[in-house]
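Labels for the chains are A, B, C and D, by order of writing; each one numbers its residues from 1.
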Amino acid sequence: MNFAFTDEQAMIAETAKAFFDENATSERTRAAMDQDGVDRTLWQSFCQELGLAGIALPEAHGGSGLGLVEFAILAEAAGAQVAALPMLGSLAMTAHAIARGGSNEQKAAWLPKLATGEAIGATGLDGRVTATGDRLSGTVDFVAHGASADVFLIGSGTDAWLVARDATGLTVAACTTMDQTRPFARLTLADTPAQPLGDATAALRAAQEGGWICVAAEALGGAQATLDRTVGYAQERVQFGRQIGSFQAYKHRLADMMVEIEQARSAVYWAACAVDEGSDEAPVALHSAKSFAADTYFRCAGDMIQLHGGIGFTWEHDAHLFFKRARAIQSMLGTSAWHREQIARLIGLGDAA
Amino acid sequence: MNFAFTDEQAMIAETAKAFFDENATSERTRAAMDQDGVDRTLWQSFCQELGLAGIALPEAHGGSGLGLVEFAILAEAAGAQVAALPMLGSLAMTAHAIARGGSNEQKAAWLPKLATGEAIGATGLDGRVTATGDRLSGTVDFVAHGASADVFLIGSGTDAWLVARDATGLTVAACTTMDQTRPFARLTLADTPAQPLGDATAALRAAQEGGWICVAAEALGGAQATLDRTVGYAQERVQFGRQIGSFQAYKHRLADMMVEIEQARSAVYWAACAVDEGSDEAPVALHSAKSFAADTYFRCAGDMIQLHGGIGFTWEHDAHLFFKRARAIQSMLGTSAWHREQIARLIGLGDAA
Amino acid sequence: MKLGFSAEDEAFRAEAADWLNAQMHGEFADLRGLTGLTAAAERRKEWELKLGEDRWSVIGWPSQWGGRDATLAQQVIFAEEYARAGAPGRIAHMGVELAGPTILTFGTEEQKQRFLPGIASGKVLWCQGYSEPNAGSDLANVRTKARLDPATDEWVVDGQKIWTSLAQICDWIFVVTRSEEGSKGPKGLTFLLMPLDQPGITIRPIRQINGEAEFNETFFDGARTASGNLVSTPGNGWQVAMGLLAFERGVSTLGQQMNFRNELDAIIAAARDNGSAHDPLIRQRIAKAEIGLRLMRYGALRMLSHTDHARPDGAALTYKLQWASWRRALGELAMDVLGQSGEVTDGSEYHFPILPNLFLSARADTIYGGTNQIQRNIVAERALGLPREPRGNQ
Amino acid sequence: MKLGFSAEDEAFRAEAADWLNAQMHGEFADLRGLTGLTAAAERRKEWELKLGEDRWSVIGWPSQWGGRDATLAQQVIFAEEYARAGAPGRIAHMGVELAGPTILTFGTEEQKQRFLPGIASGKVLWCQGYSEPNAGSDLANVRTKARLDPATDEWVVDGQKIWTSLAQICDWIFVVTRSEEGSKGPKGLTFLLMPLDQPGITIRPIRQINGEAEFNETFFDGARTASGNLVSTPGNGWQVAMGLLAFERGVSTLGQQMNFRNELDAIIAAARDNGSAHDPLIRQRIAKAEIGLRLMRYGALRMLSHTDHARPDGAALTYKLQWASWRRALGELAMDVLGQSGEVTDGSEYHFPILPNLFLSARADTIYGGTNQIQRNIVAERALGLPREPRGNQ
């Protein structure tokens, strides 16, 4: 029992932080926002030069064979910069699902490409699709970075398929999305060829777990960044003849942010660790992490706007990037209320009335 | 349209405030808390010398024929001192119900006595009783000031009865109650003679309306008192070499209390006025007033404890009297969540899932 | 205490409603239900002219200046009917509600004759120059300088204002300037009326987080106005500005609330549409929003029922905090009702419909016109008498 | 990063659980499930002696002083098993967790030999003299005076402490005093160990809003202690007190959390009993409480996993705020689950069962040991590096 990073984990954290701080600049992120929300140069560097994209994928398929703790470290660092990258759809969900529930062919076909960034994956788990043999028809909404993807993991009920971007009958419509760093797409499938996952249950569970951990860790990183940046502003900005950080109401709000963020930190790494260790606590931990970290991020990003005053609600300032990412994380992959309802069941409260 | 007190109403407010401030002292209230929670001397003065108990009762039966606005003014002033009086059970609910739904005999028998304080009434609307002819059997819980009452208004479903204290088969058990200024009693009825109200529907509606307005107005008065007393303390108490009221976090909390209290004030008088004028808005107004004022009071009373520091959670200090009264108001006559649920229905949201 | 309206009032209501509905289903049907303040500027200017023409623009003003001497009840009624008819948010707001009453109160007879007809007729639109980049919520920290040029008998203004709402379509601006060199705090401020269309003034829109640009930066570089456009006396600008703040708490709050009503109704409709109206958690939050909105209305009526509402009691000081926090929570509720659908919009422009736009734009409510933090200081100090926040270097 | 326990740890768990269960179903069965700290004082003293006798009292201490040199994992396990067995809250807490570690860190060899065996054996109970009526949360404002009497070589103490938990049943007290006349703030403070049973000390219980009297006022009127009972040096009391605060964030937090677990479990049981477990609003709040409690546990494990937890990083400073606010919300949840039933109690004494008592007693949590306001200052200043709150007259 030791709830601190190993030396290796600490090193990964340091590397990732340095990489995103240097490269995932506001300027580059905004350039990506005007396109499809993917900073492709950044993604290539991350996957190939840094070689960290496959960190939680099996070594046999181009990964490093580490776990969700290490993956969370990366997502936290990327989230701190609101980096415009397909980390969620491509790695946390699609690749993770294939690694855990794909056939050997599927693994061999996709994992090395996803790990190198040669291909981008995207996932939609709330598909309203019907299958006729190996062909799908229907729609899938809110597919994050869907317009940038080469392969889709589609879930519908307890079934899961892979669909290639160039499959016949597939239409991908990009949506103008509030969080421009991770725009949604709507997929329309008309008798589109699809490959069922080898073990759909394992794949879907892996996609959920990976997705929850990814956005919770992003939220943690983002929330910490809103605090750090606001503390910096509080020390610089002078109003009423004083540093604004000397006003007690301002200080207390920052302290409250920190109280929440430290809990979110415990939640994220508890959940990642519990999944990696196969602990019985994993389900409660995952629901805790997703709901708590998302709510913390939203609150902190809102506070960042408030505590920056007028400049905080301008397009020019970065506060809205955090704010919109936070909102998107809150509503995707199950709302906070839904996750808490799952916990209510898990701890024996029975059904809701 | 004029949402300000008339001169007469302002005069009543002034009189009531002066009366309760002078007479409903902490010392006398604490003496009553050690007994049955009724300061009988105070009640006699209020009913007879001041002659205000019948303010909202019909002139034909010893009242002044005014309305709930005037009654709310009294309840607000009494609430500001957490006065140990049966204003809720005896006047707001029992007398009001008899005045609106009683037969002429019932009115003549009870209203003059209730208005003079010669008799005390108490009400229990959640009775679990069954009627056989004019006899009741069962139990009624949480009857405020029940152990001090001479007559009971008992509601069960859509039926309502009056039961005299000395009726055969009636047992009244006083309960040790968190709010000692308004202890509960449990009534047990065994084939106990009871008089059905002439118009049970009107009586029950009147009891509810009167009860909601009474506790909402008490809550308003109580909340304002917690603010006033805490502001006073903030100006006197010195810590870290400064008046504690000069600390911004402290100031802001007091400001937030005031924001809530001013809304509660609008709510209470809107509701009282809407009932008096027979407005269509009355139901939404009543549910708003009860839930908002109760929540405001609880929050403010909790803040009073917090902002007084250590002394605030001692028995010796009055903060807990407000706090416990606030809690009791929150849970009686429908919780805040229940009242909001009624509003959800009233504004067209249909049924809850 | 009486909430109902008299028969006379109800007759006024019928008259107002008839006129408004005729416009909103006739000549100005294209403006019905329009939200925000930036769309269809030219048509809205025509609407302001129409209001002026039929004497519905400034009904609370004296009839001498184009008003109707409307009672409080009538003003309440007009605000309600205006919104009920779906009439659009008024781009003449700053003139009608702020500049006009300020001139009525503090202006000379000459200024009244010069400026009030333009406001009442809808021909001249005004905006407000208060905030500055380094003053933020702190009006006493204004640095924009004004000096009287004896050669031309004009005030010359240099500096920068920010958050000047709608400056891009307005004709005149009222500005608070510092006219005494070296003065600090509320002393040495001067209140000037200035034409916007002149070489010394440059307006740059500020894009907000919702993608819209209602606000502007306004730069003054040797901008000029005649000496007769000084309100009150040099150095007395703080008093004028404070008086003007009181007008902000007038009947216009009811108009604002009617917009809130539309937003809440849109949420209720969305919740019924997508079934979230049955979710007990959503029901609680909608009920809370409903309660909050009603209490805002009755709070405003209380405020207005006290005759001297230009010198507000403490309760009036709580209003900004109340509505700003309410609307911010409403925006979050809107998004939770909409779910992920609220995060996408049709077309390729970054422009969101009423509810997501509410969510984003509401983040400004708790900041502009004095942040919630400043408002809490004001309530604590002025209404509750607590010690003032110490300034640093003064 | 690893959350699971080793096989060796699990063996330790079995040993501890066996011993605890044997006690709680044998000799000390009457103490099983006891809540609060004031009931059954004499029996609890016997329980402390038993813990000492079987060397389970101070397992984290060096074996030389009666401990077991237990690893962090073992201490975590013991805290869990202690609560799981229903063993009662420890009245020796202040000695075991605070006085002992302070003496181990700052004490002389002589003091260790004099005091540690009494603590480890459960024979000597300690309480804490920090707060004063006019110091409140502000330790630097201590006014209780100490002076060395050369005639007897004793420290003589005059003044008053407040909120001295359990003083009525304790043997010794550690007090922070002001020993340099005219000194202010953290300078000139001196940390003394004093026997309670002496003519110069009077203890008066303070009744709290829940009707209980866990806390006391303690009056010092020429109270005396030998000069050898000074910890560290005269004037160095602030440093000792700050070091001691760090011990409060040690493994004992896990024991405290196990009590929270019992309270939350009681709420869950009540909600299942009365059907409110099916209410979606209650479910959300119980789930939030559950999340909060688990995050407290993992927060504590993070804190403890960093080797030098006596010098905590910023995160450790957030813990008091976290648990105090959590428990206050838990109390409100408890009452909402119970409904009006929670407001009445059996018998004629003003004494409430676990959940209503939680509701009332939790109001003290956000106050004693530094109010939430003070805690936020600490987090903002020490963890985030924001400017210090100015003092008035210093």
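Things worth noting here:
In this text, contacts are C-beta pairs under 8 Å (C-beta built on N, C-alpha and C of every residue); 3 or more make two chains touch, one makes a residue touch a chain.
Here the structure is a predicted model, which is why all the values come from computation and not from measurement.
Contact tally for A-B versus A-D: the pair with more C-beta pairs in contact is A-D. For chain D, the chain whose average C-alpha position is most distant is C.
Note: centroid distance chain C to chain D, computed from Cα atoms, is 54 Å. Note: centroid distance chain A to chain B, computed from Cα atoms, is 52 Å.
The distance from the centre of chain B to the centre of chain D, with each centre set as the mean of the Cα atoms, comes to 40 Å.
Residues of chain B in contact with at least two other chains: 243, 246-249, 252, 337. Those residues of chain C in touch with two or more other chains are numbered 279-281, 284, 373, 376, 389-390. Chain C makes touch with chain A in their complex at residues 131, 136-138, 141, 162-163, 206-209, 211, 281, 335-336, 339-340, 342-350, 352, 356, 359-360, 363-364, 366-368, 371-373, 376, 389-394. Listing the residues of chain D that touch chain C in their complex gives 279-281, 284, 390.
Residues of chain C that touch chain B in their complex: 1-6, 9, 72-73, 76, 268, 271-272, 277-280, 283-284, 286-288, 290-292, 294-295, 298-299, 301-302, 304-306, 314-315, 318, 321-322, 373, 375-377, 379-381, 383-387, 389-390.
Residues 1-6, 9, 69, 227, 231, 234-235, 243, 245-246, 248, 251-252, 254-256, 258-259, 262-263, 265-267, 269-270, 273-274, 277, 279, 281, 284-285, 288, 291-292, 337, 340-341, 343-344, 347-353 of chain B are the ones that touch chain C when the two sit in their complex.
Listed in rising order, the residues of chain A touching chain B in the complex are 247-249, 252.
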